[in-house]
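The following pair of complexes shares a single chain, chain A, combined with chain B in the former and chain C in the latter.
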Partner chain A sequence: MIRSQILYSRIAAIARELAETVGRTARSPGLTEGRRYAAALLTGEPKLVAQAQYDASHVFLIRDSVAALLDRFAFNLGEGDIVLVGDPYSGGSTPQAITIAAPLFYEGELVLFPAVRAEMADLAGEFPGSLHPFASETWQEAVRFTPLKLYRHGLLQRDALRFMLRNSRAESQVRADIEAIVSALRGASASLVALMDEKGRKATETAIAQTIAHSRALGAAEITERFGAVDRTERASLPVSVDASVDLVVRVTTADGHLGLDFTGTGANRAGPYNMTPGQAKGYALVAALAESLDATTLNDGHLQLVSMTAPKGSLVDPVLPAATGLSDAVTAHHLVGLVRSALHGGQAPDETRLDGVQPAVLAFLPIGAEDNPPISLDPGFSLSAQGWGPPVLAGRRLMPSAEVLEAREHFNLVSREIGADGRIHAVIRNDGPTLEGNFFVPRDAGGPRGRLTLVIDGARQVLESAVLVVIPPGGLIEFIYPTYAERADG
Partner chain B sequence: MSNWNVGIDVGGTFTDLVAIGPNGEFRSTKTPSTPDQSDGVLNALGRLATELGLPLDDFLGELPLIVHGTTVATNSLLEYNGAKVGLITTKGFRDEIEFRRSYKESVFDPRLKPPHAIVPRRSRIGVAERVDHQGNVLTPLDEAGVRAACEEFRRQGVEAVAICYLFSFVNPAHERRTAEIVREELPDAFISLSCDVLPEIREFERVSTTTVNAFVGPRVNAYLTHLEERLRSQGFKGELFIIQSNGGVLSAQEAGRYAVNTLLSGPAGGVTAGSYLGEMAGYDNLITVDMGGTSYDIALIENLQPAVTTESWIGRYRIALPMLDIHTIGAGGGSIAWVDAGGALQVGPASAGSYPGPACYSRGGTRPTVTDANVVLGLLNPDFFLGGEMVLDREKAVDAVRREVAEPLGLSVIEAASAIIELVNSNMANATRLVTTKRGRDPQQFALVAAGGAGGIHAGKQAEELGIRTVIVPGLAPVFCALGDNVADLKISESRTHIGRVDELDFEALNTMFQEMEQRARGRLAGQAVAGNFETKRSLDMHYVGEVHEVTVPIRSRTRRITKLNLDATLGDFHELHERLFAHKDPSQPVEILTLRLDLIGVRERPRMIPQEFGDEDASGALKGERQVHFDVEPTTVPVYNGDLLKAGAFIPGPAIIEQWGTTIAVYPGHECLIDAYGNVIIEIGQARSAAERAA
Partner chain C sequence: MDKRSFVLSQVVAGSLNTIADEMSATVTRTARSPVFNEAHDFTTAIFEMKDMKSRLVAQSPGCTLHLYAVAMAVDRAIDAFKYDLQPGDVILASDPYNGGTHIPDLVVITPVFHDRKPILFPAVRAHMGDVGGPVAGGYNPHARDVWQDGLVMPPVKIVERGEKRADMFDLIVANNRIAHWINGDLDSMIGACQLASRRIGELFDRYGLDTVRDAIQANVDYSERRVRAEIESWADGEYYAETFVDHDYQGQRDVKIACKAIVRGSDLTLDFTGTDPQVKGFINSPIANTMSFIFIGLTTCCDEDIPINEGCMAPVTVIAPEGTVINPRRPAPVGTCTCSAGAEVTEAVLLALAQCAPKRVGVNAHKMPLVMSYGSYDDERMWVFLNFIGFTGGAGAAYETDGWGLYPPLMTGVILPSIEMTEIQYPTRILKHEYVADQTGAGRWRGTPGLETITQHLVPNQTSVMMEGVRHTAKGMVGGEHGASNRVYLATPEGAETEIPEYAFMHPLEAGGAIRTIRGGGGGWGEAMERPPETVREDVIDGYVTREGALADYGVVLGEDLAIDVTATEAARAERLARAA
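Take a look at the complex of A and B:
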């Protein structure tokens, strides 16, 4: 086991390095500052060997997306192939996210290979970017990229790439991000070959198998120790508009450290973007259970094996095509994590350990019709977490934009960003560039809107809830008030 | 005595001193560190003077120079006992230092506590003023607001004022005027200006660095003043220099103004010493590792130049200044071995530290540590720890390993101890591999320099794991940082943000900025008398438009003027470097410059060690006995040498143990070792074994 631990630590380091390289070389702000991506190594089954991520959204999804890829190309994969999928209904979740895998054949077999899942700046849909608060079909959010080959035997499939890029309003960012990901995947592949050359294939496979088994045992022990035997149902009413909501019901059970989720009773959101795919739901539930220890371990299949779920087909957590999914990470996941943690803690999860915390968002772009129109996420602050400092866990490791960089590069003037007398973060952004349009999103819960967005034009103030194609003229101000989930830790 | 150089490094446990005489004669000494670090410094100097048979004042009176590595800034920051700081910043932005760009060290753990607020909110005051990104004043400075802030600070008892306005790196007028007002209102306050400390874009990075400078500045200044007074009162007439985080030295006065630059003053000496050692021993590319009681520090040296980074966090504070890139992991002699709930062995990150310390220290520690495992395996001699000044209890080590590792895992005590060592070696090797691959390098291209008390035991195995062929254990390993203090050059690192695409650059503006930076750097070095020659190194932080991280690229120009030709060559280097680091380049993409950097180096005449003549290969004269050592599960009887008696040219085939005061060196089976002309132990590792051999 010691030898396996040592060998596995090398494998985990390759996954971490792959993730770091993508973050350093990608071009779109969503990846470089938003860190909306994850990197993983997988076996040919596929099993998740090691995954590095910066938020909770990807937990099951690289494995599930790679499974869709391997299923599609089962007997049609060769040396040098790089394959891609970007589809909520092929192992994914939210639109605009794609998974790129570089199958690696060692001694003629698919032993261990890298993959990256990342959110692109724009892949079509009704509006630039991924924020569409009223989408009722997935195609309004993005084009679906079902499995395709980006490279065949090491050769770029130009038609495939062109097809992707021609379906983007942010062609240069998408191109650069894909190139960065492919380069990083090749670097990781070389490291894996070197490792297997050095340690041998058999020892590598043994180390993977032993570590997955160990992680499963460790995770099960933690669930048992922390929560004991749980069988509890929690429910929430998830507002999907000003006057409508959907029931989210989850029965959480733990037996032998296994986390069971039964969503019977959960409603549907057929005409809205709050749907969450099953892989997404399991991933968030796993994070809800193991958040306290996930930083100290490397996520692998042993953890994923701890969760199972059942849900009514067509419901909020097992939608059917063409249901939209764009707000699942931003809203539904927060409710789900809250419910699972509540169930695990006997209905009374300590407030100070809450992981969730929704917040408003604005995505701006040039007026519809511009061919090259990379959207800009205007997200100058964050919800204050239940811990009283920093953003909530579910916000992930997003880097808040620098006021100076925003002004020098993007023609936005961050007028102010400070904690207000109400303990919330207030920020004001002025558009110093040309006229823009923006999609605004303000999440709601039982208490009403969470956070506030106000547009100020020539002194006229307009409080906005969720809205699309809001005109932001030069000199227009957007005032953000972020919600808070606790008092500040330092008074 | 007039040409002696003295380097003194204050560490957590010991204060080390290395003195180099005019003829290359080396002297070193160690004394216990003291709460007032100047006591330890004076004690070390006193001990050396005694060894030389001189009264301390006579000895000090003849010294031209003392270079000092101090942990005052680091301790201040990590123990939160710095100055009471007030922050004046642009109105509407007083919480940037708390927001930390939303960064949390943990992605998932909700139990993570916030960092200690070195400037609490009540002491952060926004003042109306605004400058745009081109330096135009949009809102004039509210001078009355500044005075009101000072009044509030006076009421709060603020000792240091940090001043950081948006875009002050473009137009610093508001910051400078604010400083004038603060000087009038709070004449005793330490002032830290962001346009001086870090004139670079990104407000959080700048305000954090500037505030830390204010937090540690008064403590560092007080200490340096106190030390200098004590030295002067004892007859010292020379110059006191402080080693900085960038590996260069500066006068104590200048170091005090920019105290944040001394946060790595301690470990920086070790990296500088590594470079010096490499030059002497003929190795240009080195990895220095320093394994102490609680941590393992790794640094990379390429072409004798230590790697530098601007992405440091120290404690939980962002420091964006160029600092030696020293990567630290929690692996040391005190790292605790434990079995997790899934039945796997783990080592660290928890450490027993020096108190209670490992079980074998007999100070109440009961948990097995790396040191305990080394004692169990016979790699460490319990009767020769710190040269015999401390006796270790092997039985306690055996008990701890048996109880907490062997029995839970169903292993023998020896198997358990071997597993602990194997795992910690692997952890250290992985961290070392990360440091090299992050810079696009293969560890096999480097020699490993092992310093620190525990470095010599583990280095051979790590080298094997990394495919490294040569390990160097310095003759002065126990005082390695003090050696580095002694040989470091003067160095000023200046930077200035200048955003522009390479294909649209204004060369006049670029050259003017570099000239201004050089003038400022020369001004900061003016008055010192220890360096005659100066070197200027200029570089550019560049990236493809849209990338967040920059790559620092040295400018290829022999002249002071940068021309399109130079820049084209530099651009070519950028693409190559980008590819080396990230396996990816795209010359068709536009490239942007973000920051100009200039290092002004005052080259000191480096003291040269006197090489010893190579003698007989026979090392038997230094043989002090033999003992059983478990290099793996089976015991081997190996010769044990007194390292202090080994002569240049002595050859020792492994397996063997070399014991010196403060260091034990393991020469593993299959390895060979040679004592070089400078007393360094050079271990050759089974010469470039193939991957297949290693696998076998």
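Take a look at the complex of A and C:
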């Protein structure tokens, strides 16, 4: 067992190295600073062996995406192939996120291989980037990348890459990110081969199997110990526009440490981008249950095996094509995590352990029509959660852009950023560059908008709800007020 | 060339055209979308690779405006795969900035090899019902870049060495709202190319490569000689004309397209310098589209027995400044280029040539009010309805010819979909489709009368209307009158109509709501006062002209019994001529 643990630690280290390599060699700020990606190693089944991630959105989705890839290429996968998928309806979730996997054949069998799931800067759709608050179809959000071979027997499929790049407003960033990911995958593959050469395939597989079983047992024990036997239904009304909402209903059960989710009663959102995929829902529910311990362990299939769900087809958590999914991570997931936490805590999750916290967002870009138009995520602050010390867990581990980076690279001057008398983070940025356009998103709940975005042009103030193609002229100020979800522990 | 060789070259060239015809028939009979199998919005052709460039060698009459653009698509495909082209490959492309026109027009190309070298490239260009992107159907008047038009498809192999590349095929289908159509339509196009590949192989086997190539060259040379002879018959000089697109759907109006035709012996230069810069809206015409519309303008001025091939364009030099509305830079949107700027390119060419070859020009009038609806069948599958029936009516007149038929020459091979089939394939009824009196350009020869069409959808749907030819109507030639304005009305089920001035975007039409299209007629040719009164009278009998119109437009006075009042007619015409003088 100890030998297995040592061996598994080396496997986990390869996953972490893979993740670090991507973060250090990718080009787009979304990956290098936003950390909107995850890296994993998987078996040929596929089972998740080890996953390194920087936010909760990817928990089930590398495995689900890879499953879609292996299913598609079941009889057509060979040495040197690198395959990708980026489709909410092929194991994915939000558009613009793609999973690239490098199947590795050892002794002629698909044993263990690396994969990376990452959000691209732009993959077409109606607007640059991934923020389209009014999308009603997935095609409006991005091109669907169903399973596609990028490399065949080690040879780049140039037309496939060309296809991707021609459908991007951020061609150079996407190209560089893909190259970084492919390179990192090849590095990880080499490490895995070296490991199996050194320790033997059988020992490696044994270590993986034992660790997965162990993680499952530990996770089940934790759920049982922390929450006991739960059978509780929670519901929320999820605002999808100023005057419409959708019921999100989840019955949460725990039996033998297994987390069961039944979404019967959940409504549909055919006209908006709030839909989430089943894998996504399970992932967030797992985070809701194990948030306190997940960071201390390496996510693997043992954890994923703890969750199962049922949901009406066509509902918010099991949408049918072509429903849009773009705001699922930003909104729906937060509501779901809140509900699951509430159910697990008997109807009232303590505020100080709150994980969720939706917040406004702005994505700016050059006026539509520019050829190279990578979007700029303007996110100078964060909502306060968990005793008010920092952003909610669901915000992930993104790096806050420094004032200098914002100024030098994005031509935005960070005029101020502070916690106001109201306990909320206030930030003001000024456009010191050319005229931009921006998509603004202000989430709502039963109490109204959560946070506030104000555009100030020549002294005229305009409080914005969600909107697209808002002109941000040179000198224009954007004021962010982020919501707070918990009292600061220090008052 | 001796007589035997000439006959042989004609046999081989005829075989190639027959192969293109067979491709066309294959597409018609096997495609799934009504845009193909009913409206025939596609073109089949065969290209030859020579010096790493493609040239048109045979074609089947199809949607003419596609035709010459395919050559550039083939060029780009050759360029993309120049070191990786194999027998059995099939390439798919639709990239406005890679030899494409607007994104819904997909091109499928296959190389045909002989002795391990790619020689000929059969190709199909066809209009798809949908191409992903933000708006169903691929017409997005709000588009400000090409990605808002739809999915961009640079050249990709969808069949490799005879084996379908399933991942790429699935990717294309996944990004289409009408998977049940595009699946079959792509198979149909691929099948047509593969059939052509076999037939061409048989041709090589029967005649040998050299004979086939010699025949192609002879045919191309023949066309070039004929076109050069035509141009040579025009007086040397420089002839300028300009036309205007009504608007770009985003606030810019009267977008100018300028054309100077320079005739020097048998050479023709068409210089579009002075054309307006590219615009925000989706009327921009990528260069392949512009070339195709130039090709149409030129070939309609030549004898119709000249074989349509690369030789037709050999005498022509085109100057199309980059960054203009007829040669935009990436990523300007181009969604309606085949209806707006493209049509004006042809019209500008014809108006310029009218000054040196008046008896050769006419027949244009492609200013279509574009109407597109989409909704769902009972099983929730989507349908997209391009209102081909409402596009009809509008061919201009030419020397010795009234405007004829339904579609203008730019859409030669497009046919009127059967109304019965339309009503079977869509939840739709065609309530009216008939000529409108006094709705055309008068002239010695008049344009095709305008048409009124009423289309009713029986289920709720979204309808977009993109008006053209409202302020800048189809031009008359050589003194002929211009056509009338197009008009489109959207009606509630109760019959309350709203006229669409410029465009309507995804207008929700209730079940039973209707679209009324009044298509302006074509332009006339020559002075209306020279039209024989008896011909005018026949038009009145046929319902194309009213008695009042006969007097107003032609100075022909008809009695209650439609007898010509010769004295009154002579007086009316004399008065009009005097007034005009």
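Simple rule for what comes next: the second predicted complex is superposed on the first by the 488 of 491 C-alpha atoms of A that agree within 3 Å, B and C clash if a C-alpha of one lies under 4 Å from a C-alpha of the other, contacts with A are read in each partner's own complex, and residues count from 1 in each chain.
As a working rule, contacts are C-beta pairs under 8 Å (C-beta built on N, C-alpha and C of every residue); 3 or more make two chains touch, one makes a residue touch a chain.
This is a predicted model, so every value here is computed, not measured.
After superposition onto chain A, the partners chain B and chain C occupy separate space and fit alongside each other.
Chain A has more of its residues touched by B than by the other of chain B and chain C.
Once the two complexes are laid over each other on the shared chain, residue contacts for A:D295 go to chain B alone; chain C is not touched.
In the superposed model, A:F145 makes contact with chain C only, not with chain B.
By the document's definition of touching, neither partner reaches A:L156: not chain B, not chain C. An angle of 130 degrees, to the nearest 10, separates chain B from chain C at the C-alpha centre of chain A in the overlay.
Shared-chain residue A:M309: touches no atom of chain B or chain C. In the superposition on chain A, contact of A:R397 is made with chain B only, not with chain C. Least inter-chain distance for chain B and chain C in the combined superposition, rounded to the nearest angstrom, is 21, based on C-alpha atoms. When both complexes are aligned on chain A by C-alpha atoms, no chain A residue touches chain B in the first and chain C in the second.
Listed in rising order, the residues of chain A touching chain C in the complex are 72-73, 87, 124-126, 137, 139-140, 143-149, 158-160, 162-163, 166-167, 169, 322, 367-371, 373. Those residues of chain B that touch chain A in the complex are listed here as 91-96, 98-104, 106-114, 117, 120-121, 126, 132-133, 166-167, 201-204, 340-345, 419, 422-423, 426-427, 430, 433-434, 437-438, 499, 544-549, 578, 581-584, 586, 589, 691-692, 694-695. Residue ranges of chain A in contact with chain B, taken from their complex: 1-2, 5-6, 9-10, 13, 17, 20-21, 23-29, 32-33, 53-56, 173, 176, 179-180, 183-184, 186-187, 191, 194, 197-200, 203, 214-215, 217-218, 221-222, 225, 287, 291-295, 352-355, 381-382, 385-391, 393, 395-400, 402-405, 407-409, 413, 415-419, 425, 428, 488-491. Residue ranges of chain C in contact with chain A, taken from their complex: 80-81, 84, 95, 98, 132-134, 144-145, 147-148, 151-157, 167-168, 170-171, 174-175, 177, 280, 329-333.
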